[in-house]
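Have a look at the structure that comes next, please.
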Amino acid sequence: MLLSTIVFLPIVAAVLVLALGRTQQMARLIALIAVVGELALTLMAFAAYDTDAGGYQFVERFDWISAFDIQYLLAVDGLSVPMVLLNGILGLAAVLVSWNVKERPNQYYMWLLVLQAAVMGVFVSMDLILFFVFWELELVPMFFLISLWGTGRREYSAMKFLIYTFLGSAFMLTAMLTLYFSLPDGERTFDIMALMGRDMSGLLVPTGLVFAGFLIAFAVKLPMFPLHTWLPDAHTDAPTAVSVMLAGVLLKMGGYGLLRINAGLFPEQMTDFASTLAVIAVVSVLYGAFIVMRQTDLKRMVAYSSVSHMGFVTLGIASVAGGGSALSSVGLNGAAMQLFTHGTITGLLFVVVGLIYERAHTRHIPDLGGLAKQMPLIAVGFMIAGLASLGLPTTSGFVAELLIFLGTFQVFGLATALAAFGVVLAAGYILWTAQRTLFGPRVARWDGLTDARPVDVAAMLVLIIPIFVVGLYPKVLTDVFAVGIDPIMAGFGLAGFGG
Amino acid sequence: MENAFTEVAFWTLSIVTVGGALGVVRTHNMFRAALLLVVSFVGVAGIFALVNAEFLAVVQLLVYAGGVAVLVIFAAMITTNVTEGNRSTGTQPFAVLVSLVLLSALVSAIVQAEWALLPDDMPAPLAAAFVDTPAALGRMLLNEFVLPFEIAGVVLLAAVIGALSLVRER
Amino acid sequence: MNIGARDLFLISPELLLVTLAVVVVALDLVIRRKGIVIAVAVVGLLVPAIAGVNVWNDIHATGVDTAFNGALVVDEFALYFKFLTLAVLALLFLSSADYASRFQPFQAEFYGLLLFSSAGLMLLPAAGDLITVYISLELASLPVIALAAYEKMRLKSTEAGLKYLVLSAVSSAVLLYGFAFLYGATGTLRLISFDPADPAIGHMLINGDPSVPFGGVAVMVGVVLATAGFGFKLSMVPFQMWTPDVYEGAPTPVAAYLAVASKAAAFAVVLRLFYAGLDPAAADWSLMFAVLAAITMTVGNVVAIAQTNVKRLLGYSAIAQAGYMLVGVAAYVGSGPDAELGIESVLFYLGGYAAMNLTAFFVIMAITNRTGDDSIEGLAGLGKRAPILAVLLALALLGLTGIPPTVGFVGKLFLFNAAINADMVWLAVVGVLNSVVSAYYYVGVVRVMYLRESDNPARITVPPYAWAALAVTAAAILVLGLWPGGLLEVARQAALDLL
Amino acid sequence: MLERLLILSAILFCIGLYGALSRRHVIAVLISVEIMFNAVNIALVAFSRYVQPAAFRATGEVTAVAESTVLAGQSFAVFVIVVAAAEVALGLALVIAMLRTKDSVDVTEASLMRR
Amino acid sequence: MINEAAVWAIVGLPLLGGLIIIAGLRPWTQSLWRLSGYVGIGAMAGAFALSLWALNSVRGHHGESVGFDPHSWVTVGGDAAEGAFELTIGVLLDPLSAIMAVVVTGVSMLVQVYSLGYMRKEADEHSGKFVDYPRYFAYMSFFTAAMLGLVLAYNLVQTFVFWELVGLFSYLLIGFWFHRPAAAAAAKKAFIVTRIGDFGFMLALMWLFSHRDEFLVRGQNPFEIPDINSAAPLLSAGLVTWAALGLFAGAVGKSAQFPLNTWLPDAMEGPTPVSSLIHAATMVAAGVFLVARVFPLFEASSSVMNVVALTGGVTAVLAATMALATTDIKRVLAFSTVSQLGYMFIALGVGAPGVALFHLFNHAFFKCLLFLSAGSVHHSVQTFDMRYMGGLRAWMPVTYGLTIISGLSLAGVFPFAGFWSKDEILAAAWAVDPSAPGTSAVAQIVFWLALIAAGMTAFYVFRLIIMTFHGEFRGGIDAVPMDERIPDEAHNHVHKGESPTSMVAPMLVLGVMAVISGAAFNSVTKLGPVPAHWFSHLFNEDSPELVAWIAVASMTVALGGIVLAIAIYGLKLVDLSRMPKQWHALNRVLEQRYYMDYFYETLVVRRALFRGVFLASDWLDRKVVDGTVDFVGWTGRNAGKWVAQLQTGQVQAYGVGVSVGVILLLWAYLVRS
């Protein structure tokens, strides 16, 4: 029942917050207890996951809609258990960073908790329809959070996010159903575990179309060029905590889906499509980085950097091109690592940007400057996030990018080289932004601003710790991810790395 | 029945029916339209009579040419501008078009269709039904179609209640 | 007269319903207190319901039975709709008591007419021949003409009545002409027959010319005209144009009745006619319905985006929803393991649709009853003025969009399942894409409720019986969304009976 | 003969349709619809007279069923007439209601709700 | 014999020191911050001691390492023993790394001692907030730790990790006064420009890894330095060439070689001890060290060797010319560093890594001393602009003397340290036989380039000494116009006096080394415990013979430069203001550093990228990509309105709709039948 508890604890807490959270203090206290408990549970799951045994663990299986063999099927494997942990971490950060929400706090925390639960559901569902249910469920809290507590053109952004994601998932649903009905009667199932390794030829429609259906949904979520333009808008206008969750875990759902479903269920199509994927990845990386350079809004900047960084995920997955080699395992592991690390790093970036915005009430970079004098702690947070984002060794970002590059280079030399140049560009925009925001002469206008309070420091620490832990001792993650990636590799006819 | 007589009767009745109907839909005078409707309905009654539906012909005369037409005339009279109130609307050109196209489609379908016609020398038991249609119909309405028959009563009741609640003043 | 006890038993629900109608109208003449009349109407519905349960028990045990020389076919399919109609009626009575008080002194007639019409709707799915179909249809729609025009002092209401009168009359004529052709081509009015000596329409198609649709031009004309006639009731494009106007003009309970009960019965009879009567020619009509479904949902959704009146919006929404359900109608697979899927999904969706649409209409009714403003802008600030109503409306609208965990999602899932099962992947794609389009306007309403401020701070009060109705429908949205199995099983049995 | 009657019915149907779609006066629209119903009745009666009952066609012999259904079309026509009458009654009631509220029976003026 | 933990402690002690300062001392402002400097120095002293021990342990080794096995760091896909992907970390202790460790720890320790005095002002600035003083020592400790990690790395990936960390802490140190826009910009520039080089490093890693099969068949790891070095001669040419070139790109970036030399002069915005440390033994030396580290890989490809040598030669001359026209004392030294690093690359390129390391070793001392002297000068006059100095020898005798010593050493004057190593470089270049197979005229070219650079070196260093210490005092900071001062210096004043002992003492130590390091540690003959040509000996390579005419020639050139400098700046035999127009133009070109910065920053970054590619991408994204999305949305929103035009409100229009529907359906079926 561990996974069910993990999924439903935030929902129960959401109800409690709504009912009992009459005051801001009460609401945030309940929310905090809930997310701390959630983090503890996810840590427990992460720790309890037995990497030696591997495979799917903590399986919970009940019939849900027996007419279509739809099951309530929860399980985690090496691929998803770190994502569960990531969600736990970011949930805590999100609540901490929204400590000061005054407007309808009970509703706010309720939606935040529902969001966490929905994302959790995505990561632990092993039934396609259940996966889809959680995938869609996440739209509702996001819509309300952005449009009610957001800023700027929040309605436009919320709607754009909603429609865009919904559009993507529309294709996914069709693909799922087609897949289901393509199987011979009696073998029909939505069970991802059972579908792994199954021969996917002879579907109702060409298998490529089913593959594409999933791909579109995940590409929107990831987001992959050219389906990314919802992201800057959503990020810019979302409240800080939502930006954190959006960058931290929602985008990861796309990468997770690509790995779990596109690569896991359709190795053959993935093999064929990988070259295109590599091109898209390179374009995402470079194009995203180019655009970041022109941004004057801190959040937009981070948003486009996400586009760029998620391109690395795509690139890592593309390392399976041509059937892949044993080294593709490194690329896939790198992609998975990048999912986790980008979650913490960009989460931290948004936390910091949010803290700055909360104080200065502007995110316009030219207005800022010299903030390191007034808010040294926030500046330190910013620098850590930024340096991790540009892939500095000892932070988790480096390990992930290194693995991706090493895994992919042997397949797509030029593409990987170009993408690696994105790291140089990242140094450019991160440091340039730091220079314009934090450094330079102190600006008298910001003299009254306070530095991070303990709760803000806590929010930053929650994310900084995993960045360094993974950066210094990557085995803590790679060993787990490898267990999850190996079955996927087996789908490509490759027995893990050694083969 | 003589063939020639049938022919003449059919054509006469058809012309009366169609002509009346055309008049109904073309005149601007509501009163005249109602009268022409009676003419057309009488023609239809004649056609019914022609194809061994004597009972229906009578019902047609009573209900339509009698009741309905009178009702319509009364209603028309209380409306304003009886003589010129019934001009065409803007949709008339479309109405012409769709009617003609639909007519041609229907006619071509009718001509193309293969109908499983009763043989001219109908088996006796069947022919018998057409001899005394009112009795046969009566039997049917109380046996085969007793349910619709009962429902029809409810329909009338409902219609009356509906009409009353619409018309009655507060 | 040839009526036996068995006949009366089988028709007892309708019979009792008509009796109730008469009683209600008659009571009005002798009782001053209108509350009693309403109470009698609501409580009295239990009588036909109990009778229905009796019949169901009997039918469930013994199988399909016919009455009145085959004019009435009582099977679980028909009973499904009878219960649906009764449930809708009861909820409608509860919620509209407040609204209907404006009809003094014709309040009792209002209920009476609804009861009469419902009797017609209950008969429709059970009709065994074309005459019964026709006469039941008229019983169902004639009272509605009066009801639509019931607010005599409101010009829009009268206009709605007029439009419904003219178009339903024209449609009736077209339908009848179609029936005439069916009769002429086959020589029978029988829709369902279990007696080989008394063949039904379907039996006469088998020997037709295979090169011509439906085996003969006459049948084809008949089918097309009948489809057009039913299309009017279904709000199927291009026979749908009355829908928004009448929904907007008619009293809100009547609009709800039209949108839910009337449409359900129309689907019932269409399913009966095509699946039970014309199934040998399924190859000919299933594509027609598929195309019409696609067009219907697209037109409904696209035009709905431009709406400013909430009732009108629901009108277009009803068109779009009809389109989704037509997907189920189109999804004919002949004999096979999941042959009942199309019907089953339509039946299930109708149930869910009733819950969602009624919730929406009930909320709108409660609001417009207080504010008199049925524009979408009139819902501004509802999140604060009437938080619970707002939540319920949002739930209903998200359900209509098809977002989990509502019944709307599961319902659409089943419909698209059916489409894919019938090898109509393209139709499923069109369907899911339409869901995306629909999200825009459904969520748009939600957005107005929560994001727009209102200058009218008055709280909206709702009488307790209306709350009861709302509670039932809203609970149904969620319960059926989370545990659809029960209703689905009932729908499956009903569908199997039809086949 | 059947085809002639059917064509007559079709002509009448289309005239009615034309009237229903082009007349300004509500009552004129209603009676145009009545013409359509009459067209249907002509077709029903004609089919009843000239087309083999299904039971006869299926078995090739005159069964009791065939005998009892040979007049089905005529019966249908009876119901059509009844319903049409009810419809007219209701329609005229509506006309009266319209006259009261807006003092007009022009269908083109009933276009408050659009788009 | 040293054990592995002790070697790790060489890296660990400064790291620990830094952590103690940043986490233990810095937050508690009042009492403990003063200790930070001592903590840093103490940790460094420990590391220095351990380094000496390590050096002692490898004294007997000739190019071989002490066999400490590496440890697993990242694994992918199960058991590494079965061939799974594994990244290892470990320490590689051999003469090269041991010498480097000694130099790094020693210089760093001295610089930190110096900083105790120099950075004193950071302590009492900002009204009681002493945040910057401990921050400085923490950064210094971390920086040194990173450099030591780089030096001792066993695995190229590990090298890269510390390589980047060196970059990071140099970024933080250069931008230490981050409130100065110039410092913030310089720090960023340093990081980004070196990162462009690192990009090459990264590609080299990928390239090596993608050819891992060549290593696997030998049971080797493509990233482990000993494996690379031992396998290098056997590897395929393509692998070697590209891998070496990529690594060299990294070295070029870190060591500020042409064309990535532009960051180093700007990096002078950092505190002077930082410049001194960066330039002496640490960051810029990392490039040289990297090439020396995997020298067999470079040696295996003659074309790469030529590239290395040519890059070194060109840079040596180019940077020397830049130094000729510069008036900022630290920038002169910065160009000098670039130029001297060029020498080291020449040595590497002609196949004499031991010589390169020897020069690195010497250079560490005299260049460090030069910077510290500059800092000492600044301590007095508060500016780095030599135009406002002059005559300082009057009150800064020690600084003056030490500057002369280090200047002579830099100029390569016998018997100062610089002479020995520079001479060996020239000799090594000359020794390459151009007619031998696999070689070319490159060695000859770079020989002459090096000789020219030697002359210029002597000239600019004496120009520096004369402008600073001789002649009339030109006012120091007090003479600098207010609009030329940076805000921090606005209220500073000249303080006529020698620097405090804490600064002078480490300078004296370095002064001794600047004199003797050349002759004592790499003597041409055996000298007590030190064997002859010790460096070459350690690297197990042929020591270049001292060629008499080369030594004489280089001495002549150097002395010529000194004489010229004295003639022009000391004796004013030439009036520079009355030089022909072409001379001024040339001067401007040199002052503008051949317009390299203009080319990079204005033309490439601002125009081509920022206003070109980036702007175009942004436009494309907003107008085309997002525009398409918005257009689709707009169409969706408005399509409804268009379709709704049919909904006229006329009931008969609806009837027409019904009829049209019937007709279309009929038509569709009639067409099909």
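Note that the chains are named A, B, C, D and E in the order they appear, and that numbering of residues resets to 1 at the start of each chain.
Methods note: a contact is a pair of C-beta atoms (placed from the backbone, for glycine too) under 8 Å apart; a residue touches a chain by one contact, two chains touch by 3 or more.
Note that the structure is a prediction, hence the values are computed from the model and not measured.
Student: Which chains are joined by the largest number of contacting C-beta pairs?
Tutor: Chains B-D share more contact pairs than any other pair.
Student: Quick one: which chain's Cα centre is the longest way from chain D's?
Tutor: With centres defined by C-alpha atoms, farthest from chain D sits E.
Student: Of the chains shown, whose Cα mean is nearest the mean of all protein Cα atoms?
Tutor: Checking distances from each chain centre to the full centroid gives A.
Student: Which chain has its C-alpha centre farthest away from the C-alpha centre of chain C?
Tutor: Computed centres place E farthest from chain C.
Student: In whole angstrom, what separates the CA-based centres of chain C and chain E?
Tutor: 78
Student: Could you grab the centroid distance between chain A and chain B? Build each centroid from C-alpha atoms only and quote it in angstrom.
Tutor: From the centre of chain A to the centre of chain B is 71 Å.
Student: Round to the nearest whole Å and give the separation of the Cα centres of chain D and chain E.
Tutor: Whole-Å distance between the two chain centres: 97.
Student: Between chain B and chain E, what is the gap in Å from one C-alpha centre to the other?
Tutor: Here the centre of chain E sits 103 Å away from the centre of chain B.
Student: Which residues of chain D are in contact with two or more other chains?
Tutor: 6, 13, 16-17, 20-22, 29-30, 46, 51-53, 56-57, 69, 72, 75, 79, 83, 86-87, 90, 93-94, 97, 107-108, 110-115 - these are the residues of chain D that touch more than one other chain.
Student: Got the chain E residues that touch at least 2 other chains?
Tutor: In chain E, 641, 644, 647, 649-653, 655-656, 659-660, 662, 666 touch at least two other chains.
Student: Multi-chain contacts only, two chains or more: what residues does chain A have there?
Tutor: Chain A, residues with two or more chain partners: 163.
Student: Kindly provide every pair of chains that touch.
Tutor: A-C, A-E, B-C, B-D, B-E, C-D, C-E, D-E
Student: Could you pull out which chain E residues touch chain D in their complex?
Tutor: Its residues touching chain D are 641, 644-645, 647-652, 655-656, 659.
Student: Considering only the defined contacts, which chain D positions touch chain C in the complex?
Tutor: Touch list, chain D to chain C: 6, 13, 16-17, 20, 26, 29-30, 33, 36-37, 39-40, 43-44, 46-47, 51-59, 63, 65, 69, 72-73, 75-76, 79-80, 83, 86-87, 90-91, 93-94, 97-98, 100-102, 107, 110-115.
Student: Of all residues in chain A, which touch chain C in the complex?
Tutor: 64-68, 129, 132-134, 136-137, 139-140, 143-144, 147-148, 155, 158-159, 162-163, 166-167, 170-171, 173-174, 177-178, 180-181, 185, 204-205, 209
Student: Applying the document's contact rule, which stretches of chain E touch chain A when the two form their complex?
Tutor: Going through chain E, the ones touching chain A are 72-79, 82-85, 131, 157, 160-162, 164-165, 168, 171, 175, 178-181, 183-185, 187-188, 191-192, 195-196, 198-199, 202-203, 205-207, 209-210, 212, 487, 609-610, 613-615, 617-618, 621, 625-626, 629, 633.
Student: Quick one: which bits of chain C touch chain B in the complex? Just the residue numbers, please.
Tutor: Residues of chain C touching chain B: 1-3, 11, 18, 21-22, 25, 67-69, 71-72, 105-106, 109-110, 112-113, 116-117, 119-120, 123, 129, 131-132, 134-136, 138-139, 142-143, 145-147, 149-150, 152, 161, 184-185, 187, 209, 216-218, 220-221.
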